[in-house]
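Two complexes are shown next, each including chain A; its partner changes from chain B in the first to chain C in the second.
Then we have the complex of A and B:
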């Protein structure tokens, strides 16, 4: 049981402090980060940074569903960002859905983490998120497509820390308790693939930067 | 002395209790607050319920209106929940459009209705493609003292269970819907999913049904939605400290036991309400 092909692009937007496009198969989300920067006085926290998340769906006006998603993402990012290093500042994360083919919430969480890494915001680790759909037949599918999600008995999303602990969890539908534990263990092993992917995309980005630096030094000398 | 200590060091104050397996209000870590349910108090609504979980108070009113079933779902009605926090509930609530907290709970209730099968929206269809019931469920929190989601779900379940709609049909001549005076159409609930909020204190101690003070001091909280027969309808945790997954089975047991207690409470209340109504009408 495996995830769809993951892909990630960093620093794709020129005006933001950091950005990333994360794809799970066809599902594609762009995350942009501005920060640490100014914060409105009514939102200021004296000993921590204020994390603000704006989620833009592909079509339509944002409603309750989008606000609920923003809250999940804000809480998840707050769990890993070292907010006490930037008191009275704000870190704004904006997400834009380019295409939703299932597993939207994990894709958003992963896009946020990579965009924050691109920005250079200090973090204590990553959240690697993965969704698991449990079909009516009881079969578990990791990283479901939109069609698989709509026909499933339940869709569970988990965000794991570097130590494979549950930071975030979200579930819709209904299943027996035993199915929950099996879905959790499948998701936990699949999250390791996401974690390895973060590492390899970070290495690629840094080796590119290193390569560019070396070329610049060569040209100078 | 204790009062001053609580003010200056609220976290340490709570820690002193919790490390001994008890909470400041005398409950054990796994004990929920007492629940009281009153149905039918809003006589102008088709169904209503007033629920108190400890001090947390939520009232739910359901109004049924006629609607035309949508294109590909021609045999389904609608259930539309809307939760709001009244400014009387807490000094942090300002008058105005629903806050983020209220929207999250509205969405939670909407997902519970749409994505699980605890209620059949097909039962709300009067005539396929022409007429169906749309149930507008308005929930208002009158006193916010923690675990708002729990109280909202219990209020919604109680109101839906005790709701009595009039019989309706499509008038063949006018094509419009019309109702009779008898109110005996019930909505059958397949399951009673009950939400139980747990606060995670110091990343280790799980406090069942935290009050507002306890919630503010917990590093994380999560909501388990279970029914009395052990089915899981939700496991929602939004960031914060990590949840040790080996503790989940014990939290699930607490949640299922609470669901059993809530179901029997709602059943009793609805039965009593029915018998009072039948005495009144005879």
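Then we have the complex of A and C:
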């Protein structure tokens, strides 16, 4: 069982404060973050930042399914962002689906997380999300494609923090309790791969700065 | 929103014939066209401006007034991602302007042949939908959107259809190769911006130049030198030969852009046939891009969920079912508020821990300091001034409730307060004061 190839591109958009494009195989999502910034008075929270998520599907007009996804993403981001550091402000996250080939929700969560890191929003950790589809036969598949999702008995999405705590859990379908636990275990170990990928991509992005710092230290000493 | 000195700087530079990014007056920024794996998925970059287009189709019943024609829908959405001034919800005036321009440009100029979209006259036609999402607004969104729209339409393939009499078979992609739409010509919108009351002209303005422009004009043309659409958005008054000059410039630009589009489409065909490598693989060395190949997920060693032994928690609080729909946790009984504060707090501490079963179980006595409790004082302070003539305020004392003693030891009691005695007393009070009550 394997995760598809992951790829991420950061700071690709010019107008927003931070952006990222995250890919799970063919599934591609672009996330952009504006913030912390002004908030409308009716959405203001006096002791925390307001997190607003907008999800745009590839074709058609956004409907109820998109609003439900926005809520899940908002709750996930609120769990990791240190909102109390920016009271009366708003952090807006906008997502655009480029291609959906399965595992859309984990791809969105991962894109959000990398975009927030790119923006520099203070967070207490990051979220690594993975999907697991349980087939009718009982077999678990990590990071399913669209075909595998449509034929599965249930599709579970889990978002884990650095310390492997569960931040998000979402399921469509119906399976036995033991299957839930085994899907959770597989997702947990797969999330470590995503976590390592975050780290390596952040190191690569900052490699020039690190390199310059090292050179400066060398020259000084 | 630009500061005043920025505005003056840009305007002065334009008067001197200079632009912010060093281009000349008629220069267009670099256009990059990239395709996705799905047919009709195009991303166009015009400098930093980015737009994503996707074409989809569906077989539907035709409109009553046009039974033998298919439909073409164009939906441009200016996502809040593209600029902090864009909002979701009701389409802004700019969104509507771009939508209408593209509709006139593509639908009304017959760029896509809608008659060829008919499957069965009066019964079934194709409706083609182009969804355009702006990802980044760095100026000239209309130009970028028009390139994306027409390229996506040229790239798209619709399912092949066989009609025999009244039977229609729509073949899926694996059965028969999908067929392209019939695109007669490729109209491209060229944006001109005017400064200093029409004295100065810039082609393809960036977003700072757009913010300081006095007026703009859009000229849509194809490479056959046919003008498909002209829109002058107010702001400046132009002379007729200025407009003619703009159309000459536009025809040159459109020829260049159409060449780039055709080249990109051809290249994509070769990539799909496997003859060339996709463009993205050439520039894999950016520090902002990283990739990891498919990774095997390790097998799980120990179960992630450990069953907790609930019996060990040693919980002391039990639930006592008193009657239908009534249960008591802890020690119930008469309210002990408004007495000695210390006693009140101690008595009403509910034990932490989970509640297992809802059965009638003996309450375990809590080992605490046993304090003496005073006799129940009146709970309500009766102030004569507050009493209205209409209402009667009845104060219940301990005796009214049935003479229950406040709890001191952990005695077994059922915790029900009997208030019937109080009702009797109320009646007596009435007769005393001589008031009638219904």
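One rule holds for everything that comes next: the second predicted complex is superposed on the first by the 207 of 221 C-alpha atoms of A that agree within 3 Å, B and C clash if a C-alpha of one lies under 4 Å from a C-alpha of the other, contacts with A are read in each partner's own complex, and residues count from 1 in each chain.
Simple rule for what comes next: a residue touches a chain if its C-beta (ideal position, glycine included) is under 8 Å from a C-beta of that chain, and two chains touch if they have at least 3 such contacts.
These figures come from a predicted structure and were not determined experimentally.
**Q** Between chain B and chain C, whom does A:184 touch in the aligned arrangement: first, second, both, or neither?
**A** A:184 contacts both chain B and chain C.
**Q** Classify the contacts of A:161 with the two partner chains as first (chain B alone), second (chain C alone), both, or neither.
**A** The answer is first: A:161 touches chain B but not chain C.
**Q** Would you sort A:108 into first (chain B), second (chain C), both or neither based on which partner it touches?
**A** neither
**Q** Between chain B (first) and chain C (second), which does A:128 come into contact with in this model arrangement: first, second, both, or neither?
**A** neither
**Q** For A:30, is the partner it touches chain B (first), chain C (second), both, or none of the two (neither)?
**A** second
**Q** Determine, under the contact definition given at the top, whether A:54 touches first (chain B), second (chain C), both, or neither.
**A** So A:54 only meets chain C here.
**Q** In this superposition, which partner touches a larger number of chain A residues, chain B or chain C?
**A** After superposing on chain A, more of chain A is contacted by C.
**Q** Have a look at where A:141 lands relative to chain B and chain C in the superposition and call it first, second, both or neither.
**A** After superposition on chain A, A:141 lies in contact with neither partner.
**Q** Which chain A residues come up in both lists, the one for chain B and the one for chain C?
**A** In the superposed arrangement, which is not itself an observed complex, chain A uses residues 181, 184 for both chain B and chain C.
**Q** Report the residues of chain C in contact with chain A in the complex, numbered from low to high.
**A** 36-38, 41, 43, 48, 50, 52, 54, 56, 75, 77, 79-84, 88, 129, 131, 133, 135-138, 207, 286-300, 303-305
**Q** What residues of chain A sit close enough to touch chain C in their complex?
**A** It comes out as residues 1-16, 19, 26, 28, 30, 32, 34, 37, 54, 56, 58-62, 92, 94, 96, 98-99, 142, 181-182, 184-186, 188-190, 193, 197, 200-201, 204-205, 207-208.
**Q** Quick check on the complex: what are the chain A residues that touch chain B?
**A** These residues of chain A touch chain B: 64-65, 67-68, 70-72, 74-79, 156, 161, 163, 165-177, 179-181, 184.
**Q** Spell out the part of chain B that touches chain A in their complex, as residue ranges.
**A** Where chain B meets chain A, its residues are 100, 103-104, 106-108, 110-111, 115-118, 191, 193, 220, 222, 226-227, 230-245, 248, 252.
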